[in-house]
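Naming follows writing order (A, B, C, D, E, F, G and H), and every chain is counted from residue 1.
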Amino acid sequence: SRCGVPEVIYGPGKRPDQIVEAFELLARSQQPALATRLTPDQAEALLMAFPAATVNSLARTVSLGSLPRHERTVCVVTAGTSDRPVAEEAAETARWLGAPVELICDVGVAGPQRLLAELPRLRQAAVVVVVAGMEAALPSAVAGWVAVPVIAVPTSVGYGANFGGLAAVLSMLNSCAANVTVVNIDAGFKGGYVAGLIARPHEPMRAGN
Amino acid sequence: SRCGVPEVIYGPGKRPDQIVEAFELLARSQQPALATRLTPDQAEALLMAFPAATVNSLARTVSLGSLPRHERTVCVVTAGTSDRPVAEEAAETARWLGAPVELICDVGVAGPQRLLAELPRLRQAAVVVVVAGMEAALPSAVAGWVAVPVIAVPTSVGYGANFGGLAAVLSMLNSCAANVTVVNIDAGFKGGYVAGLIARPHEPMRAGN
Amino acid sequence: SRCGVPEVIYGPGKRPDQIVEAFELLARSQQPALATRLTPDQAEALLMAFPAATVNSLARTVSLGSLPRHERTVCVVTAGTSDRPVAEEAAETARWLGAPVELICDVGVAGPQRLLAELPRLRQAAVVVVVAGMEAALPSAVAGWVAVPVIAVPTSVGYGANFGGLAAVLSMLNSCAANVTVVNIDAGFKGGYVAGLIARPHEPMRAGN
Amino acid sequence: SRCGVPEVIYGPGKRPDQIVEAFELLARSQQPALATRLTPDQAEALLMAFPAATVNSLARTVSLGSLPRHERTVCVVTAGTSDRPVAEEAAETARWLGAPVELICDVGVAGPQRLLAELPRLRQAAVVVVVAGMEAALPSAVAGWVAVPVIAVPTSVGYGANFGGLAAVLSMLNSCAANVTVVNIDAGFKGGYVAGLIARPHEPMRAGN
Amino acid sequence: SRCGVPEVIYGPGKRPDQIVEAFELLARSQQPALATRLTPDQAEALLMAFPAATVNSLARTVSLGSLPRHERTVCVVTAGTSDRPVAEEAAETARWLGAPVELICDVGVAGPQRLLAELPRLRQAAVVVVVAGMEAALPSAVAGWVAVPVIAVPTSVGYGANFGGLAAVLSMLNSCAANVTVVNIDAGFKGGYVAGLIARPHEPMRAGN
Amino acid sequence: SRCGVPEVIYGPGKRPDQIVEAFELLARSQQPALATRLTPDQAEALLMAFPAATVNSLARTVSLGSLPRHERTVCVVTAGTSDRPVAEEAAETARWLGAPVELICDVGVAGPQRLLAELPRLRQAAVVVVVAGMEAALPSAVAGWVAVPVIAVPTSVGYGANFGGLAAVLSMLNSCAANVTVVNIDAGFKGGYVAGLIARPHEPMRAGN
Amino acid sequence: SRCGVPEVIYGPGKRPDQIVEAFELLARSQQPALATRLTPDQAEALLMAFPAATVNSLARTVSLGSLPRHERTVCVVTAGTSDRPVAEEAAETARWLGAPVELICDVGVAGPQRLLAELPRLRQAAVVVVVAGMEAALPSAVAGWVAVPVIAVPTSVGYGANFGGLAAVLSMLNSCAANVTVVNIDAGFKGGYVAGLIARPHEPMRAGN
Amino acid sequence: SRCGVPEVIYGPGKRPDQIVEAFELLARSQQPALATRLTPDQAEALLMAFPAATVNSLARTVSLGSLPRHERTVCVVTAGTSDRPVAEEAAETARWLGAPVELICDVGVAGPQRLLAELPRLRQAAVVVVVAGMEAALPSAVAGWVAVPVIAVPTSVGYGANFGGLAAVLSMLNSCAANVTVVNIDAGFKGGYVAGLIARPHEPMRAGN
């Protein structure tokens, strides 16, 4: 564990048995485990070895245990249906860090009433993760309604002049809202991780850690 | 006049007397005149020669007369105060093409209630011009509330990763709203021109024109 | 329906039965339906369920009914044969919004007489959609001959320094013609949608909508 | 005040008297005030009108009052001396939001011992803001030593292939550390604002806010 | 002289006396001289020293003598008035290489009749240089009317999404006309030089050169 | 035929029978035919129908007849072996336009003696086509040894920071040699076409053409 | 051999027998041979023909013999496991040039203690090759601990805003450490080659070479 | 001193007295001092305080003492006259690190005989620094003639599609020569520094340093 948070296993390029082994190492030392960007084969191997593990096939994650649960909610919001897998990855990561997660889907700016209807749920959160592709207008729109940090996750969803998510990430970096901060394109894991850290009760480390 | 719409004079690189002469030519043939991107010197020279001309110093335009007035409104919307000069250029151009113009300012997405308050005015328009810089989320937000074409004008307002308006123009091109179309960065003139064409009553040309 | 225009179904990532269900929902409430970017499987499923539907396999669209027909023509112009599918998507969308559509093909600037021969047909239109890849010179050339809005649709047709349509979209944004406005690369749907809105007779909404 | 946090005044393009007036408005309603990116003239006008205001000329900010002080520290770290003004802007903003701020300067990765020496101070913080230009390696380096969120602020410091901060912002978005999130180039204000929100004790809003 | 064509002097960064000296060197060996991108001071110094020199202040060139005159015309075409200085630099360079030069101005694609009217003159040329900024559609349009090489010179004329001439150079490289080739942005000298080489009667070099 | 040069058929997206039909049309009117970028299927269909046709499988071209042969040589030069297919496309096109073609391979700048050895052959040419990928230094190196136009054809050969040929095309546009002009990435056809036009004896068109 | 170092064979696009033949040529003249970027088929063919050859399947190289061994070590350092193949290519190349090679893996900046633990080994080297993708912070971090040249090899490892290695190469070029120099993305061969040249004892060439 | 090499002072943003003070610190501990990118005021202040210092106004450097002289030469080569200041900065830095420096100017690839004439001098060097702007073809050309490392320094010299040195840096990274490595645009200091490290006799550090 690095500084109190266990390592997370990144799937791409690893053999299924390597990932199972990594889980075993963590299990043996009583630590919660999380693996992301898994192929179906990798996920199945983990589930065979750890029948108690939680699989989220949309998120492409498998987790085993989690950090201690707390009360401060992470809200994950998506603009469109294609942004869902990235949002699920964020949600799984935040849950694994101990946070209760609220998922609010398909409230893109082109249908503005839908976001208005979700404001009560949105405003309960200690931090909001907004997942959006194309023009990525949603983080600014959400940020205008809350007084907590908004973690914007750009996605590569779209075509043409989105240039693989470039349009979305530039848009989010230029948000006119002061409470918006940004992670890499399609980085649901990072969005959920930072949100999870923000939400969880914090105690400063001592020099000895 | 090209196809029934008089030429517009683009100021940069022209001497004041050249612009005055261009106005005289149009005046003599009873045509309305419009000049854009004027320096104060150019504007003053025009006003001296044509005391009846209309000067808009924010828009940097001078106009003399206009096409016949009609009823269909062009609504020009801005996200922030710095987008105002580009919006004024759009408004002057649409007015000169004969349209009544409504200007709605400072309704950027980070303050969502302000846009909601302006919906009644917005929804009267036959076409909407949205001027926005930075993440340029406003056109999508506006487009969700109206059933008419939205002309998005990106501005170079912002800093850092806006790269001179690149973030805004990419964002607008990727709008998830179907009724949004885009012109060049800071091209208030073009936004107002296309909006003016859309608004004005149209009669198909005959082969002879 | 959003503001009087029914939703359009975007095919990618949806199962055939999901798309059929969406059509059924619209059919039940007497609304016209349009689906775009369909795979052959999706299109076939729709045709099975709705034998009266209109399939355009070049455009990859299926439609059922349309908004009320009107008189104001949308003209869709293409530069080269490879731009045809994008142009068909634009044409189907405009037709579905109620517009009569004229299609003028292969009048790219490198064969200038062909465009001249089509001027009479071109000039009947209330709005022109120009679909072009590579250097995308055609929108400016067309815009010089008409006094109506030109919606430019860049395509990713070309190779090398076209960088997936970047050359075309930059070219169109920089058009020296005042009446040209631009949508996303390969966005025939958007080009046809905005053109359809411009062409159809418009009545301002009331506050109650 | 938006959702409990007062508006911050952005200086560029405003006359000194407009900024003074904005401060007066906030003062009258007992709210703390902050203005950023001020010219010396703007700052002086504020100081004349509000002799009790705090001026930070390196940060180019003026503040009057602050949100209630709390215990959770924001640590602001800079890579090089040229990154200092952006760091000061971040620090002033976090202080104004009520956070105690620790400033750790000139601990860029090319002098690795300096960062090691500061670890005890760094690890007290509830959130870390890292300000860096050029290759912007520092956020990843810092993130490896702490278990709290790291807000990375890229700067335009550097030359040649930094392309106005592009190298730094891309580097930060690609950080291999899970706890790094990014704001716009030179956006010290945003970095400090998000950090301030993270640090301050939070109570979920009720539906009525 | 390199391979039979004398060196051309590039002005920027040279003192007036250095340029005069370079002319003297060429004059002494009976070679024609050309200097480009001159400041007024540099041009004046050359004129003082060589009263017979030809100054073109729009082109910012000074020449003394030229290669032997021949019959094959170079035609230089411009899209707009702002492209004129680059066109003049091309024209002066081609003249200096011995070619008769025809200059056809302001025949941009947005005014298509003007180009049609110039076809007879255009079609006399052995090679055409087309100078255009913004969307740079003119080279393709011209290339469609002639059966000789077209040298396209992109200019940095325009604003916003022209990104210093990037839009123009990409557009020209993607020309759908087979007879278009491209030089650097604003490189009137290069356009005129290559055109001059194409036009002049050619004799293959022997191994001894 | 456009202006005396027959149309060339571009293969991609066409059915074999469409291409055969195009050849038949040209054959019937006694015109030479050229098709480029052919798949093996397309080439085979042409060869079946026209056993006298010339197939170049490296170039992916098929030709039938050619314009009248002349004496002025086109020299095609390549930097590395991977650039060969693009060079062959250029060579076939120039031959089809009537030029004798010399092919000089693998004389990239990293092996400078090889180019020196080929100078006598190089210097016979009326025009040189240089095909190069990666850093594309060869056109400048060649241009320094000849006094004729050099047509530079960038290729997408390379990896990493070549970004699909971007490095090569930028390098060539910035050549410090005055006699270098550039076509699109991988556009062997265009390079050979322009070279072929330059080489062939030219007679100005009359107004009647 | 070019200037005393034999040519290296680049595999892509070559038939197995062509590569075997190239090895035979070198073997016959007693020169060491190296081939890079080999497919399994190419490697197998070489091994069949030269059973004494050294295959590194991770590096995708085959070598036969090497330049004379010397004492000055090349140290190859990687940030993450995915960077390993590029690192192996660098190591094989340096070995082939005669250098002893130390490989230090997985010491990316996000786990700073691991690099500290390797300092003694790192500091023995005459030159260090650092292979890193994503934000590529490692070269700067390594460079701060040594007084020898650091050759930074960016990799395309990562996703989203790494844009195929662009983020890494820009980051490395902007290193604030004075002793860092950079090669192409994924160019392990080049990194190892330059490092090998730096490490090997050098004798200036005479004019006759 | 970091690892045996004293720190170099970077001038921009420092007051003259701060730079003098930095020199005094180094002088007191008997270390050689070097300052780069100095304004005339900064240089003058240093010369006043240290009359024995060496000023190079072209390089914009001041140095006092140097590391111990050795025998292995650094050769600095420039393509054009405008690249001279960057080359001088490289030369001064290498000299200060103890290397004898040879400067070879104006041997750009467009004048190939000039480079050939300098081969004997070039081939004496233990390492070559090549400074070039525009298409930056020179490093590849030089690298083909030597068997030592070539440090390529791209410059921002040029215009149009050089985009501030982007064309040069991409070109150099893509060099087909295996012995070329690259530093930042205009980074003469870095080029000279790495070359100086390569040239100087090296002794591995012990664990204790």
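In this section, a contact is a pair of C-beta atoms (placed from the backbone, for glycine too) under 8 Å apart; a residue touches a chain by one contact, two chains touch by 3 or more.
Quantities reported herein were computed from a predicted structural model and do not represent experimental measurements.
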Identified repeat of the A-C interface (over half of residue pairs identical), from C-E, G-H or B-E: B-E
Whole-Å separation of chain centres (CA-atom averages), subunit D against subunit H: 37
Centroid spacing, where centroids are CA-atom means, of subunit B and subunit F in whole angstrom: 47
Distance between chain centroids, defined by C-alpha means - subunit B, subunit C (Å): 25
For subunit C, residues that touch 2 or more chains besides their own: 2, 110-111, 144-145, 160-163, 166, 169, 173-174, 184-185
All touching chain pairs, where touch follows the definition stated at the start: A-B, A-C, A-D, A-G, B-C, B-D, B-E, C-E, C-F, D-G, D-H, E-F, E-H, F-G, F-H, G-H
Of all residues in subunit C, those that touch subunit E in their complex: 79-80, 108-112, 134-138, 140-141, 143-145, 158, 160-163, 166-168, 170-177
Residue ranges of subunit G in contact with subunit A within the complex: 81-82, 111, 159-163
Contact set on subunit B toward subunit E in their complex: 2, 12-13, 154, 156, 164-166, 169, 184-187
Touching residues (chain side subunit A, partner subunit D) in the complex: 2-5, 8, 72-73, 119-120, 123-126, 144-149, 151, 169, 173-174, 178-185, 189-190, 193-194, 197-198, 202, 204-207, 209
